[in-house]
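Provided herewith is a single structure, encoded as structure tokens, for subsequent inquiry.
All chains are identified by letter, namely A, B and C, in their written order; residue positions are counted from 1 within each chain.
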Amino acid sequence: MVSSVTMRMSNQGAAEAASQGGSAADQGVGDAFSGVRPDKGVAVKASVENFSFYYGDFKALKSISMPVHEKRVTALIGPSGCGKSTLLRTFNRMHDLYPGNRYEGTIRLHPDNTNLLDPAVDPIEVRMRIGMVFQKPNPFPKSIYENVAYGLRIRGERNRSVIDDRVKEALRGAALWSEVEHRLHDPATALSGGQQQRLCIARCLATEPEVLLFDEPTSALDPIATASIEELVHELRDKVTILIVTHNMQQAARVSDYTAYMYLGELMEFGETNQIFVNPKRKETEDYITGRFG
Amino acid sequence: MKSEDIPSIRKIIRRNKRLELFFAVAGFLALLVGVLTFVALFAQMAWSGWERITPDFFTNFPSRRAGQAGILSAWVGSLLVMLVTALSAVPLGVAAGIYLEEYAPKNLFTDIIEINVTNLAGVPSIVYGLLALGVFVYTFGFGQSILSAGLTLGLLILPVVIVATREAIRSIPLHIREAAYGLGATRWQVTRDHIVPYSLPGILTGVIIGMSRAIGETAPIITIGALTFIAFLPESPIGPEFPWVNFEWLKSGFTVMPIQMFNWTSRPEEAFQQNAAAAGFILVLMTLAMNAVSIWIRYHVRKDIKW
Amino acid sequence: MRETNSGAAALMSQPPLTVSDRLARKALRNFKERVIELLLLGAASVSVLTTVGIIWVLVSESFNFFSNVSIWSFLTDTMWTPLFAEPRYGILPLLAGTLTTSMVALVVAIPLGTTIAIYLSEFARPAVREVVKPFLELLGGIPTIVYGYFALMVVIPLLQLLIPDLSGFNMLGAGIVMGIAIIPYVSSLAEDAMRAVPMSMREGSYAMGATKLQTAFRVIFPAALSGILSAYILGISRAVGETMIVAVAAGMQPNFTVNPLEPAQTISAYIVQVALGDLPHGSIGYQSIFAAGLSLMLMTLALNLVGHVVRRRFREAY
């Protein structure tokens, strides 16, 4: 309840910020944030420690350290090519799919302190614990139902009623149930772009991941679908730890509790979203936030 | 993951990975079937035909005595038939490919041609033999000649050449055409000076693949009534006096490598089977060489081209 | 302009073309372009003429054939004995031979071809793929007469070790080798179809914790289904029309059976058998090979149609 109110407030703030344009933007964002100030002392779900990443010889990420707080939304922002998606994709070892990529440092997942990057840790185990939603909705060419059931099926779940329940629950969680409950067996590709993206979120939710990664989830969507995804991210915050990459600063301001600003493979600044947007410690962050470059 | 703890995830992964390993082994074995067949086929022919592959084998006509029989008329026949095939299929196929990619308006006739080319690629080769028997041999009166055989195989590989030409042309980026048109070139000038030269490697690959298929084709040539026992050579295409070319060979009876091999294969005597092995070995070497050249061109050129 | 650009000045100093000169040049150029276009169109029409020729030859000769033999007996008689004193022309034995050998071939080619395709597309490292693909192409380029020889000299003797009283000519050996000969066609087309599935599908599946095998079978295979079915259909039409392997290794006597252990003749092998002999032009025997060819052609045509429907029905928009 509370979250939806603050949501509306923050949307409004962002709209004002957008209408006021460049120089006044920081003030508008600041207003929006008075209601979403994150509480202190939350647990850390994952910690990135001295993490570097190489595409072949190219060092794409340089010694990054930052926490990811449990059941909070952490946004990764920065200009294109800054490495924010690369960092995000590391969390479920997507880079293992392609040759020539190399990790250095650790990403620990708490409470069990598993180092996600440890070669001894199976990337599949990492991916079973951490879900990911992609830039472009990528539903499988199957029915809506089968898309959501996919994660359960690959885990060997055969009990029909268990699958039914989890599919329903996941679709509810992704705010899609009411739109698809009568056509669960229609092909997923028949859904609209925004629905497809929510289906992809439901697909992740069905297996109850510990962390959910969003890689610019709204960049291929129209403004209305974008708003519904943002609202969803905000609601999911109570259930799961969220890490979201976005190129849209207003979006980061609207949905996140913490923000990391990255530039050229380095983490420039990490902090509570409120602080990053209202009172950035570094000049570079301020320049980017206020639109002086980027 | 609230409902599943890490040990149970690991158990699931172990089970999934076992299945995966099982499939990887199956895939490897499936590939092995192909490799082993190839090795066995090649080795068997080399082994049993080896002692027959002497210079005499290439310079002797077929004979009733297996030990004296050779493939002279067969390889000369194959060469001449291939010549006719290339001369008919290459210009026609390349021209058709150019038309379909660069000229054809989007209309019903173009659609018909396109569907037709796709469907022709699926027509069994023996049906081309029947076409040739009815049209070339009897209606046009070419008889059971090198000309009939060459044209038959030309039609047979036409779809291969057309498809290869089209694919090669399609890989040329639009901006190359626009650059040429922008300078005021006509359509034919663009085609002649840019499209054809740039797509040449791709076309060549397709032509070689088509020719390697044609050289091994047996059924359509048998159907038009090629003889299996030929103890003479066609007249030489190069004449002694002006204009130094001679077309008599086109009307000549002939045999080709695969038919010679078929003939020997269908004889019960062991000695002829040896001849069949030797002929098969040479035939496979010929097709392998052609395929290898085309694969080499393709990989070589693909690496070099950067638009 | 003239002061600053001497090249332009040089051009200008040539006598200018009159308007009529230019029009004449344009007309000539247009004429030339038009002629070239017509020549190219003519070349493209040859393929249509080929089809027309095939249909005309098959139908006209078959028409002559069916004026001597009723279509009903052609389709229902279970004997094909064209060389007997009282010849009988029932296509069923040849059809049975064709379908049985094709069936054996597909039982070999479809599982192996699909497995190889999945392996190459989803499992093999790029280096392996670079070596294996050209190798498969070579396998597909081997002349079928050589495969026929291989079936007769190697595979059937091996089968006789397993099945002692197997005849020296049989549909099983011919079909198995035919299947191996078809593998490259099936695997290469099926692999192309699977590789065309966008990487985002694979990432979506891997991100859920799926293995390569689960991704291949649960996501990639269904997504590529239309292309894979086309590959199968091409494989079937190759098997149905394949001639030399069965002509060499399956025996040459028509045999109304679907038991692959027996020898039998296929439609295509019958055509070869007649062509090897010396039947006079215009005789019923001569006409019969066109009726056989027409049956073959109709079967491949039907397969082509099924292919079109399948491609349309299963086309996926990823």
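Everything that follows uses one rule, which is that contacts are C-beta pairs under 8 Å (C-beta built on N, C-alpha and C of every residue); 3 or more make two chains touch, one makes a residue touch a chain.
What you see is a predicted model, and the numbers here were worked out from it, not measured in a lab.
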Min distance from chain CA centroid to global CA centroid: chain C
On a CA-centroid basis, which chain has its centre farthest from subunit C's? A
Rounded to the nearest Å, the gap between Cα centres of subunit A and subunit B is 54
Nearest whole angstrom, what separates the Cα centre of subunit B from the Cα centre of subunit C? 13
Rounded Å distance between subunit A and subunit C, as computed from the means of their C-alpha atoms: 50
Taking each residue of subunit C in turn, which ones touch at least two of the other chains? 209, 211, 214
Counting only residues that touch at least two other chains, what does the list for subunit A look like? 124-125, 128, 154-155, 207
Indicate the residues of subunit B shared as contacts by at least two other chains. 13, 16-17
Within their complex, state which residues of subunit B touch subunit A. 1-4, 6, 9-10, 12-13, 15-17
The subunit A residues in contact with subunit B across the complex are 112, 114, 122, 124-125, 128-129, 154-156, 207-210
Residue set of subunit C touching subunit B in the complex reads 29, 32-33, 36-37, 39-48, 50-51, 53-54, 56-58, 60-61, 111-112, 115-116, 118-119, 123-124, 132, 134-139, 141-150, 152-154, 180, 183-184, 209, 211-214, 216, 234, 237, 240-244, 247-248, 268, 271-272, 275-276, 281, 289-290, 293, 296-297, 300-301, 303-304
So in the complex, the part of subunit A that touches subunit C is made up of which residues? 92, 94, 97, 99, 124-125, 127-128, 131-132, 134, 136, 138-142, 150-151, 153-155, 189, 200, 203-204, 207
Name, in rising order, each residue of subunit B that touches subunit C in their complex. 13, 16-17, 19-20, 23-24, 26-28, 30-31, 33-35, 37-38, 40-41, 44-45, 48, 91-93, 95-96, 98-100, 103-104, 112-113, 116-120, 122-131, 133-135, 138, 155, 158-159, 162, 186-188, 209, 212-213, 215-219, 222-225, 228, 258, 261-262, 265-266, 273, 276-277, 280, 283-284, 287-288, 290-292, 295, 299
